[in-house]
Every structure is written in C-alpha cells, then in structure tokens.
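Quick heads-up: structures coming right below.
Both complexes shown next keep chain A, but they swap its partner, so chain B is in the first and chain C is in the second.
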Partner chain A sequence: MTAFILRRLLWLPVLLFFISLITFALGVYGPGDPLQVLLGLRANPETIERLRREYGFDQPFHIQYLNYVTNALQGNFGYSLVKYRDQPVGALIAQALPVTIQLNLVAIFLGLGIGVPLGLIAGLKRDSWIDLLIRGIVIAGISLPIIFLNPVLTFLFSRRHDLVFAAANLKFSIGPILPMVQGYWDGIFSAKVILPAFIESLGIIAVMTRQMRAGMIEVLSEDYIRTARAKGLRERTVILRHAMRNALIPIATILGLMMGGLVAGSFLVENWFGVPGVGQLAFDALFARDYYITMALVLLIAVAYVFSNLVVDITYGLLDPRIRKA
Partner chain B sequence: MGTLLEVKDLRTEFHTQDGVVHAVNGVSFHLDEGETLGLVGESGCGKSVSMLSVMRLIPMPPGKIASGQVMFQGRDLVKVDDEEIRSVRGNKIAMVFQDPMTSLNPVLTINTQISEALELHLGMTKEQARKRAIELLKMVGIPEAEGRIDDYPHQFSGGMRQRVMIAMALSCSPQLLIADEPTTALDVTIQAQIIDIVKRLKRELGMAIIWITHDLGVIAGLADRINVMYAGFVIESASNKELFGNPLHPYTLGLLGSIPRLDAALKSKLTPIEGLPPDLIEMPKGCPFYDRCRYRTEKCANENPALELGAVRHWVACWHWQDVRKLRKQ
Partner chain C sequence: MSNSENTGGNRWLIGIIVILLVALCGAVCVGGGVLYFLMQPGSSPLAQPAPGFGATPPAPGKQPTARAPVAPSRNILRLPGGTDPRTLDPAQVNDTNAGEYVAEIFSGLVMLDQNLKVVPDIAEKWDVSEDRKTYTFYLRKEVKFHDGRPVTAQDFKYSIERVANPATLSPTAENYLGDIIGVREKLSRKAAEVSGVQVVDDYTVKITIDAPKSYFLAKLTFPTAYIVDKNNVERGGRTWTDKPNGTGPFKLKEYVRAQRIILAKNENYYGESKPKLDEVQFILSGGSAMTMYENGDLESVYVTISDIERVSDPNSPLNKQLFIGPSLSTGFIVFNTRKPPFDDPKVRQAFALAIDRQKVIDVVYRKMPLVASTILPPGMPGYAEPANKLTYDPAKAKQLLAESKYAGKLPDITWTTIGAGGSAAQNVQVMAGMLKDNLGARVSIQQTDDASFFNTIDDPTKNPYQMFDVGWAADYVDPQNFLDILFRSTSTQNWASYGNPEVDKLLDQAALEKDSTTRFKLYQQAEQLILTDAPVIPFSHSREYWLTKPYVKGMIYPPIIIPRLKYVSIER
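Moving on to the complex of A and B:
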C-alpha cells in the first residue's frame, strides 16, 4: 500500500510539469494580452512596451517559464496583472477557495441527501409510476441549463408573487421565500446559500440518483440477496444490510472523485449569485487574460484531483473488503 | 413416518414481455419426515422454480404462483402472509444454492451472515450466535473455525464457501433442507466432500432433504426417492432403486442412456436425447416430450398423460409405459 501511494505521489511532479507547461504556453501565446486589457485598446504603445519589459514579458518563453517555476516552488505564484492589480495570486486564491469549498460541500451534501434516497426508491419500485416520475425529474434537472435556472429560480423564490383569482374574488400573495438580500456573501449558514447550492447540486443529484437506481437494480438480482431472503430476513433488513451497502460502493467512488472538484467553482452560479469564490476569480482572470491566476487555479485543480483519486483508492477498501485485504 | 411436505398441483408462471412462461405445470408430490427426495431434470425443467415456489422466493413480479397448495406442518405456504413465510424460511425450511461464489454477500463477514438467522429465529444474542456459528463451521469441517469466523467470503475457496452455505442453512436446525444443485459449481473431489458432509449431517440431525440436480450419478448415491421433471411436469416418480432398475418413462430411459458407464463395451457410444424441450411459452397440448420421443403415437400429440401407477410406489406419466417396459426388456 505504501509503495502504491508513493508511486502515485511520484507521478505528481511529472503531471504538474506538463500541465504547467501547457497552461503557461496557452497564457503566453494564446490570443489576447493582459497589458492590452489593462491599459485599453488606445493605450500608448510605448507604455505597453515599458510595462512589458517591467513584467519580463519580453523575455524568451523558456526564461519566463523557468522564472515562473522558480517562484512557484518558493510559494510565489505571481501577481494579478489586471483586475486585482498587484495582489499576490496566493492571497487571492486563499480568499476565494474556502468560499467555493463550502458552497460545493453544501451542494454535494444536497446531492447525496436527495439523490441517494431518490435512486433507492426508484430502484426498489422499478418501472412503477414513482420510478418514472423520479427519472423524469432527474432528466429535467440535468437538462435545464444553468443560465436558464439562475434567473427562473431567483424570480420564483426571491420575489413576492401576488396571486389573483378573479372568479373566486380571492387575492393573496406568497413569498419571497428566499429573499435575495443585497450585499455580499454571508457564508454557508445563511439562506443565501440555498439557491446556488441547489442549482450546483442538480448535476450531482442526477448522477447519484441514476447510479443508486442502477446499483440497487443490479444488486437486488444478485444471488446473495436471494440467500438473505431464504434466511427469512425482513425485507427491510435485506435492503438496508445486504443490498444497500453493495449499491453504495460505486456511490463512494463517484463521491471521492467529486472531492477533486471541490476546489473548482462554477462560473455561472458564482457570478449570478455574487459568490466571491474560485469560479468568479477564474472568470475574471480568463476575461482579463490574467494568466498567473489561471495557471495557479489549473494547477490547484490538478493537484486536488490527483489527491482525491488517491483518497478514493485508499478508502475504497473501507466499504469493500475484497479490496481491503487483497 | 409422518408427511412433512405435501405439494399439490403447484403451478408457477412468469409473465414476461414475450408471453407467459409456464415454468411449473401442476406439480404434486409429498415428502416424509427425514426422507431424501431427488429432483432430477435438465436445465429449465422447473426443478429450481418449483422449490423456490415452495419457499415463495421467486421474484414477483414477473413470477406468480398461479395455483396449488404447499402444505407444510398444517399450513398452506402459498396462502400464509409474509410474516409467516419469513418465520418458515431459514428456520423450518432452509436452502443451499448452486453457486457458492455468488450466494454469499461479499461485504459482510461470515459471522454476520450466519448469526443473523440465529438472532432472528432463535432469539440469540450476538455472543451466543457467534459461539453457535463457530460450532456450525466446525460441524461442516472448516478448519480453524474460530480464526475464520470474521473472514469475508472472498477469503474462502468455492468448496469452503459451500460448506459455509450449508452451515448457514442448518443453523436453525430446519426440518427440511432444499439443496439446489449445491455441487454443480464445484470440481469432482469437492463435490464428493460436500455430499459426504450432507449425508453425515443428515444422519446426525435427521432433517428431510430435497436435492435438486441434473447429475444422476450424484442422486443415485443420495436419494430415497426420485422425481424426474420435464418441462414443468413430474413425469416419473419412484424409489431410487426402482427408478434406476425399472425406468418406465422414455425420457428417464433417455437420461440413463446418456450416462457413461464403466461396464459398457469399449467404443460404444452414448445415446443422447435428440431435440430440445418444448417452448414453455407455447406449451404443446399433448405430451411435452412428444417431439423427442421414440414411442410417440397420435394420442401423445393430443392428450397429455397424467401420472399413473406403473409399479409398486412407482408413478409415470406416459401413455405407453407398458410398451417401454417390454421393449426395454428385449
């Protein structure tokens, strides 16, 4: 096991080298120029040239790259060039990262809490109307684009709706259920988290529901389930002790792989709901060609995925004894 | 000895997209206490489904017990409620399945899997159940049972897993053990060991056994009585000796003809039964064996024979069993 972990970790620098090289090349040679964005289209070419020398952008590519790597290895990931001018990238990420991780954790929690029970019910009641209903909802949830859900859900839940039934001479109003208070992000323990986390969790709900449904259907047809029933166990025991644990193994894998995605924020959701997370930072950086920020974020996400994969492989055995002792 | 189990006119169907599969078509038999009944037939003849129906373990839907009675200790198991059938399963009637590699839950320890029936039916505490589980493992000949009780199924070989299955089935001292081809997935030496274990335990514990198999060699050494099944019908029923010495149904004769014999002349060929069993969705109205039978007549095509007495305690479902006997003797 130790050898396995070491082997994985030894691959990490190789991986990071290639990722950083590619991202850096895209930043340097890709279209657009951070200084152009900073100074505007009508900027004095001499000013641009001066700044370019100042930042070292006139150096050959390999020198720039080596400088970047040398600094990065010492913990200096450069500075923001445009929007958050001259703020260190490390500090920017340190501010944004906890916000995104918290939001994603809430989304994953919602995804599990809603998706696993839905999938369990759908799998148990296979092909019944409730199964069809659940599958329909899941497909709708995953098919509706976020750019549609953002405004529609916001409109529905964070406004007051006056309903008039002229025929019955009735008038009443509902809402706002989740008032969208002006101002900044209040952390995950405020009602503001509900809508963005829910929208981010829709994809997770869909994946979890489908996996759980398919897993339950597969497991329930296994011979050992018949054995369990032949012992005279209650159906509840058969499902909870014998079937569910086997069906949860792939869920754990998916969940582990999602942990890598914890550090990646959603551009659309974070921007719409004003969540000052990684998604918004990356969004700003990309539009301003602020490539030190982009680089750092890409590397961060790569490292997170490598570690989450490792954690998945290690914790897998907790659920599946065949892997634990093999 | 008293009657333990009496099955009357049991019919089990599976409702599929292609139509209704008639898996068991009016099976009747009885079983005395402590008796060993062999259930023989080729794949798909309804041996397993009829026994799963007895325990109400067929998946419903698509399965359905269309009619019939399963009288066990004064109750009709087809009619009792779920609670009551659960109190019979694993407690009064236990089952060992064909494939020991897939019949144990991979994520639970052997202790958990044996103990849960003990805790459920006999009301034992966890410690009592564990002690009993170790005894059971010793009883089926698992070495170092104390050390292996907390192992997982994948740490056992196929033969050892089948021993665990037997230990599990016998944990609550059932009156009836249904063994559904328990040796089919094992190699021959292990088969012999498993059969020996079951024989020994039967002597010690005295339960009745229904042994399902397609291997006539296995059943010859085990059963008191044998039911031969074909296309969901019992077509011949006789004592072990009688069936092998005086087979009356052309199908049974065909089965016996396809066993290799040590005393056969050198280079003599086995005679397989030509053809395939009938489609269980569109059952023929006559004898189900009609297409493959050497003795068939027009009557066989139109009327399905019922079981009738052909010799002492020997029932056969064939219009021409007397001819079969005569021809065989020549």
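Moving on to the complex of A and C:
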C-alpha cells in the first residue's frame, strides 16, 4: 500500500512540471502582454522596455521559467503584475480560496440534498411518469447553459415584477425574492448565496440523481434484497437499510472526486454574482494577462485533483485488494 | 423487480421523501432569508466580514457596512466604487480608478483645483527661472503625514528618487517625471541619483527640467509626483499601501478586497478646504449601483445607458438630481495612413463625411456623449468651436471618393474593434453599414481583446489594422496631451502613422511658447491642419452623468483625477 501511494506521489512533480511548463509558455508566448494591459494606451516604448527588463521578461524562456520555478519552490509565487499590482499572489489566492470552497461546499450539499432523494424516487418508481419527470427535469437542468441561467434566474428572483391584468383591473407586485445583486458578497450565510450555489449545484444534482437511480435499480435486483423481503422485513427497512446504503457507495466516490473541484471556482457564476473567489480571480488574471496568478491557480487546481484522485484510489485500494496491484 | 410490486409498500416512503425535499428547499430559502436578516450589520455578532487585506482589522460591533442605513447624525458619504483599484501606491497609479483614492490619501507639491487650474498644495509658492528650466518650490511648514511626522523637502526628494528607482517598477515614471533631469538616467541605471531634484533647505526644493515646457507643472499634479513616507514604504515592503501614511485630506481606514474601501477624515489636514465628511465609503463590485442609490444606500451614482432615458425625463424626480459634465476625452475612428486605401486623404475625408455621427450618438448612445468635431474636447484650454463641423454629407463623400485614386476600386476594409461575443459593438456595425450604403465600401468588423489590441496599435510602424476605433482621455489639462502625443510624426501614440512636417513645426513652436494665448492659437492651427488631413475622425466627447442626493453639497465630478472629497458636505 505504501509503495502504491509513493509511486502515485512520485508522479506528482512530473505532472506539475509539464503543467507548469505549458501554462508558463502560454503566458509568455500567448497573445497580449501584461505590461501592455497595465500601460494601456499610454504605453511609452521606453517604459515598456524598462519594465520588461526589470521584470526579466527580456530573458530567454528557459531562464524565465527557471527563475519562476526556483522562486515557487521557495514559496514565492510572484506578485500580481496588473490587476492587484504588487500584491503577493499567495495572499490573493489565500483570500479567494475560502470563498470558493465555501460556495462549492454549499453547492455540493445542495446537489446531494436534492439529487439523492430525486434519484432514489426515480429508481424506486422506475419507468413511471414520476421517473420520466425527474429525468426530464434533470436533463433540462444540466442542459441549460449557465450563461443563460445567470441572467434569467436573476431577473426572475431579484427584481420587482409589476404585474398588470388590464381585463380584470388587477395590479400587483412580486419580489424581489432574493436580494443578491445589490452590494457585495456577504459570505455563505446570506441570501446572496442561494442563486449562485443553486446554479453551481445543477450539474451535481444531475450526476447524483442519475447515479442514485442507477444504483437503486441495480441494488434492488440483487438476491439479498429478495432474501430480505422474503424473510419478511418491512419494506422501509429493506429500502433504507439494505438497498439505499449500498446504492450510496458510488455516490461517496463521486463526492471524493468532487473534493478536487472544490478549489476551482466557476468563471461564469462567480463573475455574474460578484463572488470574490478563485473563479473571479482567474478570470481577471486571464484577461489582464496577469500570468503569475494564472500559473499559481492552475498548479493549485492540478495538485487538488491529484490528491483527491489519490484519496479515492487509496479508498478503493483498501476496499478492493485487486486494485492495489494495478 | 418490477415497479408494481413496490408501489404499495413504499408509497409512504416516497411521500416522506417528497416532503423532505420540499422542506429542504424551504429550509434553504427561509434559513437563508433569516440568516440574511440576522446578518444585517449591528444585529448579530455573526456579521464579521472575512478578513481581507484591510488597512485595519475590522473592529467588532462598529462595523460600517454599505447596506446599513446610516444614522443621519453621522457624516458619511457612500459612493459606488466599481472594481478594485489596481494599486494605492502613487508611483503605480496610471488609471483614474486607482487615482481617485490615491488623490484623497496622498498629495503633492501642486494640485488642480475645481476649475482644473494648477494651484499650490504642499508647496505654498514657486519661482520659475528666466530660462524656464528651473523651478524652485517653497514648502508649507505645517504639513504633516497622517502619523504626525512633518513633511520636508527631503520627503519630496525621496519620493521622486523612489519613482525613478528602476526597482519600483513605476509604469508612469517616464510619462510624468521624464522631463526632470536625471530621472531617465536613473531609470536606466546610468545614474544613482536624480540630479534635477535638489534639496536647498528643509522647506525649499529645486527642480531642473531638460527644456522649457509649459505643461510641466500640470504633470506634477499627477500622483506619480506625490509625496510618500520613507518609513512607511520601507517598513511595509511591497504591500506597504495596506497601511498608507499619506498627507492627503483623508486616511485609509479600511480596505476589504472586492467589498469596500473606507476613507476617514484627516483631522490635521493642512489645506484651506478642510474635509467635512467623517467618512467616505466606496462600495466595490456588487451589481446594480442604481438600485442601491434609489434604495437610499448610496449618496451618488453614475448613470448608465440603461437608465438614461428615465433619468433625463424632466418629469422624473431623479432629473432634478442629475449632473452632466464634460469628461475631457475624445473617441476617434482611426485610419492607418500607411495602408490602402487610407493612404489617400480623399478616401479618409470621404469616409468622415459618409458617417452620420449625430445619428449614431442619438440612437446607439441615446445622446449621452456629444458629437465631436474637434480633437480637443470641450473644457480643455485651447478648445475652440470648430469652423467646419464635419457635417454628414453623403453626396460630397461620394464625390470625394470618385476623385480619389481608389475610385471604383475600393479594396475590402477591415475595421478592428475591442470586443468579444457574437456581435460587435452596435455603433461599429451601424457605421460600417453607413459606409456601405453611402460609399459602397465593404467593411468587415474584426473583434479583438484589449490586451492584443493595445499591443498591436502600440507600434504604429508595424500596425496591420486598416481602421479601428479608440478613445483618449486627458492625463493633464493641456492641449499638448492630445495634439502632440497623438499626431506628432515621431510619437509612439501616433496611431494613424500620420506625418505632416507643418504640424510638427507648429507643435514645436507651441511647446516653447511662453504666452498661453499664442500657444493655444498655435495648437488650434495644428488641429485645423490635422482635421483637414483627416487621419482620424473625431467621433464623440463622452460626458459624465451622475445623480446626487439633494442633501449632499459641494460634490463635483471632475473629468480628471483631483482631490475632490474635501469640498463635499452632508446637510440634512
């Protein structure tokens, strides 16, 4: 087991090397230039040349890359070039990361809370109208792009709607139900979290529902369920204690894999709702060509995924000796 | 196992699950709502914001918050802050967003007053030598940093040396201080000290510049030349602006990234206009500023195009709170005069007459900006009503095109514009359509992101764009800032690759001219020559639209960075 973990961990630096090399090359050779964004129209060639020299951007690629890696290994991931000029990248990420993790956790809980019961019902009521309805809703939810949901849900829930029915001489107002686009982000214990978390949870709901449904259907056809029923157990006991618990195992795996995604913020959701998390930071950094921030975020997300995969594999290995040898 | 076998046994189960599901959704909504109200500032100890790189750790209990209704007794102004400023370091400021805060926290030898005139600030007066190359500034003796330390000439010297230190990485050093002798040398590591700044005594400092330049004082009003505290900078390291120790009318009280910036009154401010507000809160990010204003959560707000119609309606109560001011900027449509067909002035003139700019501004921009007929914006000294207003004239345009060397064989044209998404900016589309209708020109639109765009137009000799649109706003209040920088043949911001020896000669004369009336005349002559050659079409002068609550007095919306909050008071 130790050998297995070690072998997996030894791959990590190799992976990080390639990811960092590619990301760094994209930053250096990609179109646009952070100094150009910083100086905008006032770009005086003398100033550009000076800043390029002082930052070492005039050095050959391998030197720049080596400098970056040397600093990064000492824990210095550079400073923001444009967007938050001179702020250490580490500090910027340290501020954004908790926000994104919190929002993602809310989204995952929402996804579990909605997806698992839906999948359970759909599995129990397989091929009935209720199953079809749930599957239809889930597919619709996952198929609507976030870029569409953001403005539509915001319009529906965070504006006042004046409804006038001229024929009946009726006039009344509804809303705003959720005050999310006024003022700034207030943390997850405010009503502002509901829409972004809900939109982020749609994908999770879909995965959970489908997995739970498939799991229930599979487990319910197992022999031991028939045995349980045959020995006269109450249906509630059969479903909750025998069937559901087994159907939940793959859900746990999916959750494990999602932990890696915790640190990755959604560009679209965070920017639309003004959530000052990793997604917003990455978005700003990309557009400003603030590539030390981009680098650090890419590496962070890579490490998170590697570790969450490792944890899942280790758990599997513990459960199933066949995997350990693979 | 078939479905029907199950149904009878667990109908209750499904029922319970459905109820749980509904309850969960309800709990989330209600719980969120309850928590939302609990989170209202002051009502709950939970209301602690996450610590950011705030200037001071937030004090429990008296947390000022944007949404909070403020007791009338408190003298607090709440403004929309937009996105986070890039920096609060005067040496790093190169946009108005950051400049707005820095101009309140710090100050310099000279400043611009409400009429955009250069007036004494930390320097109480100055002398200019006979050759107009040496300026001697006499500093006020009562000026102190926020921490109480007196400001002397050495502090000014230190601040300039710091900007000129290449390790400071200032993006504005050349543009604003490059005229001072020794600054460029120090920036390129050829000198250790700026020889052009000399401390005569504790309260006298002498600055020498490389040539007589009438706009030099105007440049000194920019944050690059502001005074910073050596101890503050050296002890604070790279993030010293988390706790800036300035000299300005306000101090930084709190900064929480993406949430708020709070400035507090500097009780010991030396200036004649003492700050009257206890606090100014800038609300960063966060959606609809207009809604916040209407809910009474902001004292002032900019008006966007989506609200302009109802605000402009004379019957609206908001109309009485509306302020419209110039912004000292001009939007241009630029022709690359090295690329066919724009190497022929007749084609450029034809294009200029074939676009109905008034219509575009009326329809697409709902009349918010003014139609431009000049390069200099109104409000800029030297601005004169144009003789020739470049009025829309499709017949004349056709005629000019027929006289050009591209008559009947106009090549396809690409108009490059900043933007992303399925459809380009409406204004560009409309104007391309006008060129097609009036001249039969085939203009396709190419969108690009701003980083690539600036990178490309930065080098006029290599710029492949045929035609593009770009705006220019004043950095300092002098016609030189538009005409010399954008149209001198050797300038790097000469986007059109325009070159006219006569214009260059006039610009040289103007730069050296002592008498301002003659000087502005020379600039006007140069402007007329440029407009006739039409390397650009002046398109619009944008305007500032702001709403302000009637109980706020003294609020101004200057088109350029000036310290302005000290003039504001709240009188309910």
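Everything that follows uses one rule, which is that the second predicted complex is superposed on the first by the 301 of 326 C-alpha atoms of A that agree within 3 Å, B and C clash if a C-alpha of one lies under 4 Å from a C-alpha of the other, contacts with A are read in each partner's own complex, and residues count from 1 in each chain.
Assume a contact is a pair of C-beta atoms (placed from the backbone, for glycine too) under 8 Å apart; a residue touches a chain by one contact, two chains touch by 3 or more.
Just so it is clear, the structure is predicted and the values come from calculations on it, not from any experiment.
With both complexes overlaid on chain A, does A:R126 touch chain B (first), chain C (second), both or neither?
In the superposition, A:R126 contacts chain C only.
Looking at A:V164 after the superposition, I want to know if it touches chain B, chain C, both of them or none. Which is it: first, second, both, neither?
Once the two structures are laid over each other on A, A:V164 reaches no partner at all.
Quick one: classify A:G232 as touching chain B (first), chain C (second), both or neither.
Touch status of A:G232: first partner only.
Applying the document's definition of touch, where does A:I63 land relative to chain B and chain C: first, second, both, or neither?
neither
Per the overlay, which chain contacts more chain A residues, chain B or chain C?
Touching more of chain A: C.
For A:I139, using the defined touch cut-off, is the partner it touches chain B, chain C, both, or neither? Pick first, second, both or neither.
neither
Should A:H242 be classified as contacting the first partner (chain B), the second (chain C), both, or neither?
So A:H242 only meets chain B here.
Looking at the overlay, does A:P31 come into contact with chain B only (first), chain C only (second), both, or neither?
It touches chain C, and chain B stays clear.
Applying the touch criterion given at the start, work out whether A:P45 contacts chain B, chain C, both or neither, answering first, second, both or neither.
A:P45 sits against chain C, while chain B stays out of touch.
Find the residues of chain A that appear in the contact set with chain B and again in the contact set with chain C.
226, 235
For the complex, give me every residue of chain A touching chain C.
31-33, 35-48, 50-51, 53-55, 79, 82-88, 91, 95, 98-99, 110, 113-114, 117-118, 120-121, 124-128, 130, 178-187, 189-194, 220-221, 225-226, 235-236, 239, 274, 276, 280, 287-289
Given the complex with chain B, which residues does chain A contribute to the contact?
Residue list for chain A touching chain B: 222-224, 226-235, 237, 241-242, 245-246, 249, 319-322, 325.
Which of the residues in chain B come into contact with chain A in the complex?
55, 57, 82, 86-91, 94-95, 97, 99, 102-108, 116-117, 120-121, 152, 154-155, 165, 168
Spell out the part of chain C that touches chain A in their complex, as residue ranges.
Chain C reaches chain A through residues 1, 3, 6-7, 9-10, 12-14, 17-18, 20-21, 24-25, 28-29, 32-33, 35-36, 38-39, 46, 49-50, 52-53, 66-67, 84, 86-87, 89, 92, 94-95, 166-167, 169, 171-175, 178, 184, 187-188, 238-239, 257-260, 283-288, 291-292, 295, 297, 449-452, 454-455, 458-459, 470, 472, 475, 492-493.
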